[in-house]
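Per-chain residue numbering starts at 1, and chain names A, B, C and D are given in the order in which the chains are listed.
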Amino acid sequence: MAGPMKMRATLAGGYTDVRVLMTHPMATEQQTKGQPHFIQNLTVKVNGKTVVEGQISQAISRNPVFSFRLSGGAKGDKIEVSWLDNKGDTNKTETAVA
Amino acid sequence: MRTMRRALLLPVCVSLAACTTAPTSVGDRPKVSPGDLEQITALLKRDFRPRGQATMDRIELDEVQRLCNLHADNPPADLARPLEEAQLKAIPFPSGNLIGDWKNGEKIAQSGRGAMWSDKPGVQDGGSCYNCHQISPKVAAFGTIGPSLAGYGKTRGNRPEIQRYVYGKIYNSKAYNACSPMPRLGHSKTLNEQQIKDLVGLLLDPASPVNQ
Amino acid sequence: MRAIMGSAALALAIFPAWAQQSPYADYQRMTAESAPIELFELGGEELWKRKQGPKSVSLEQCDLGQGPGELKGAYAGLPRYFKDADRVMDLETRLLHCMMTLQGRSREDATKRVFGNADSPSEMELLSMYVAGKSHGMPMRPGTSHPKEKATYQLGQKLYFHRAGPWDFSCASCHGEEGKRIRMSELPVLFKPQYARPLMATWPAYRVSTSSVVTLQWRMNDCYRQMRMPEPQFGSDTTVALITFMTVNAEGVPYRGPAIKR
Amino acid sequence: MIVKRRGLLKVAGAMGAVLVAGLLKPVAALAATWNKEAFGSKSAADALNRLGTSGAEANSGIVIEAPQIAENGAVVPIEVTSRIPGTTSIAVLVDKNPYPLVARFDFMEGALPFVKLNAKMGETSDVRVVATAGGKHYVATKEIKVTIGGCGG
């Protein structure tokens, strides 16, 4: 179920821009006659330390795309984003700040 | 003059058989010969497959389509008029009042379904009217390929002749303009008599939102 | 990668001038910036490299016109004449050719499911996104010099205006006059370069309204559906000729896709 | 709930590396917290109550960047920045959605209070953003018109 993820982290003036894409149906109750299927939790880590914790709902669009900003950051910092959905599926991706 | 020139040109083209017409420059509509039409029809028969209600006979051209394709939708009057008359003669006008239920007419006008391979035959088809026309001023999502029909009955009244014209135009637009862009909704059996009457009602009934 | 870096200016360039005046201009710019296009490029790359078919080989040696395996600029050079097939081919038709010749797959197998949906894009759609992405920013130079390329263009031009079917429609019935709409959709007049250029430079694309990938072969198929015609075969001369006609009309424009559609 | 977890994280930080390593498993479990009550609320006010962020005052330091009119409610890009110093969380709500709470983010040291997401909107509605800073809650709204709703089929 967990399709590909993609992420890019780039230094922008004074902060690090993190953009992450996830493959997920994000199916609503209405679409599924009461069997919604969506990501609920999202975690962003920098060098192993959690910096953003997200709780999200079925109202996030299919194939979610998120951008976050990290204060400071340096080339080579390791960024990890993981998700967990309401059926227990998970996925994660890693990249280094460029 | 123009008619004569056309009449002279056509046989020349025919004599070249499937004449590869001179390349037309980009941005223009190309000249099409009877040979081209034959080639294209043969190509479509080879390249297409029937699906659902969209059967292969739909590829065959009738007289109206042939004429319009050959003349870039602008045929000389002496060729267009007899065809228009024949199309008009073939419209089975119902007798009596042609103004049906505008409320149902509005639904038919809104629906874009009908005659596609993805449509179930027998399920009520629509006329796709709003795709091209403004009709009820309350509906904001309307197309602009055809003229606005807002206030249609208000400005024209609903005398029997007007009813007959509107019915005929919806049934077979080509009876009034051989190369009209509008589909022949009755002639193609997309809409039945009652549905067309309901559309007439939508345009001509004084109570219809079109005429408010 | 590219889309991630996509600046507002780049996204703006995707839309033709008339879209700038549209009340949806902001919406279209923002959705273009935040579309998950790279996910599909990634999926396509995986399929390009996957060994498949009776011969169990990947598509990595497929010649898309720039030599076997050469992807850079390949999409921008299509459609074009291919000597090995002795016909003009667009991207999807050529991919099908490679699936049949390189991988040894039958036409039936390779075209079983050419158009996917939001839940599952087709192999052809993902591959199209991947290959097209490798031409981003490069001027579109479809083949125009070979006699068969010229003949294909002229055929496409005639097909564009050919009225047929129960509703008497041609492509030009909707895409024939400037400034017209179907409901709220603006209709590009694709036989004129000024309208073909912005539009043809954005296929294949991610369609926001259906969250699915759409390709030009799909566009031809779905237009014929709405024209009330029977179904054109995938990769047929008819669909290739129309795609060739519209792409040549857009010749020279830098390719800006894969992009988004409404 | 969330407030508690944040407290726990801070404590963990203070306790040093060894203890943090020991806490790793429970922290990971806590990471799966999902505020069912808030996300199940059918009004924005209820959802904010359940998040413990009711009584927010308007603040122009919350910047919502979104199109004024969206062609399709299936995908509505929304970008939120809080310029309120010390912002630790941001919640995004669409008032008229069946379940108004769209997302809630907690920002720890190292992250700026910023997020960009694509939301579904069933109809034209106010988008409501609530930011929490120094234990206080702040709100800003922006109306987005939707031409075609995007929650159903």
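Here, contacts are C-beta pairs under 8 Å (C-beta built on N, C-alpha and C of every residue); 3 or more make two chains touch, one makes a residue touch a chain.
These numbers were taken from a predicted model, which means no experiment stands behind them.
Engineer: Contact counts by the stated rule: is the higher one at A-D or A-C?
Structural biologist: A-D
Engineer: Taking each chain's centre as the mean position of its Cα atoms, how many Å separate chain A from chain B?
Structural biologist: Inter-chain centre distance comes to 52 Å.
Engineer: If you average the Cα atoms of chain A and of chain D to get two centres, how far apart are those centres in Å?
Structural biologist: Whole-Å distance between the two chain centres: 15.
Engineer: When the centre of a chain is set as the mean of its C-alpha atoms, what distance in Å lies between chain A and chain C?
Structural biologist: From the centre of chain A to the centre of chain C is 30 Å.
Engineer: Quick check: what residues of chain D touch more than one other chain, meaning two or more?
Structural biologist: Chain D, residues with two or more chain partners: 74-76, 116, 118, 147.
Engineer: Show the residues in chain B shared as contacts by 2 or more other chains, in ascending order.
Structural biologist: Expected reply: 141.
Engineer: Find every residue in chain C that makes contact with two or more other chains and list them.
Structural biologist: 34-35, 184, 211
Engineer: Any two chains that touch count here, so list every such pair.
Structural biologist: A-C, A-D, B-C, C-D
Engineer: Give the list of chain B residues in touch with chain C in this complex.
Structural biologist: Those residues of chain B that touch chain C are 20-21, 23-24, 26-30, 32, 36-37, 40-41, 43-44, 46-51, 54-56, 58-59, 61, 64-65, 68-69, 72-73, 115-118, 130-132, 141-145, 174, 181, 183-184, 188-190.
Engineer: Show me the residue ranges of chain D that touch chain C in the complex, using the header's touch definition.
Structural biologist: 66-72, 74-77, 116, 118, 147-148
Engineer: Which residues of chain C touch chain B in the complex?
Structural biologist: 150-151, 154-155, 157-159, 161-169, 172-174, 176-177, 179-184, 187, 191-193, 224-226, 228-233, 236-239, 248-249
Engineer: Okay, in this complex, where on chain A does chain D touch?
Structural biologist: Per the stated touch rule, the residues are 15, 28-31, 40-41, 43-44, 46, 49-62, 64-72, 84.
Engineer: Residues of chain C touching chain D in their complex?
Structural biologist: That would be residues 23-24, 26-28, 30-31, 33-35, 184, 208-209, 211, 262 of chain C.
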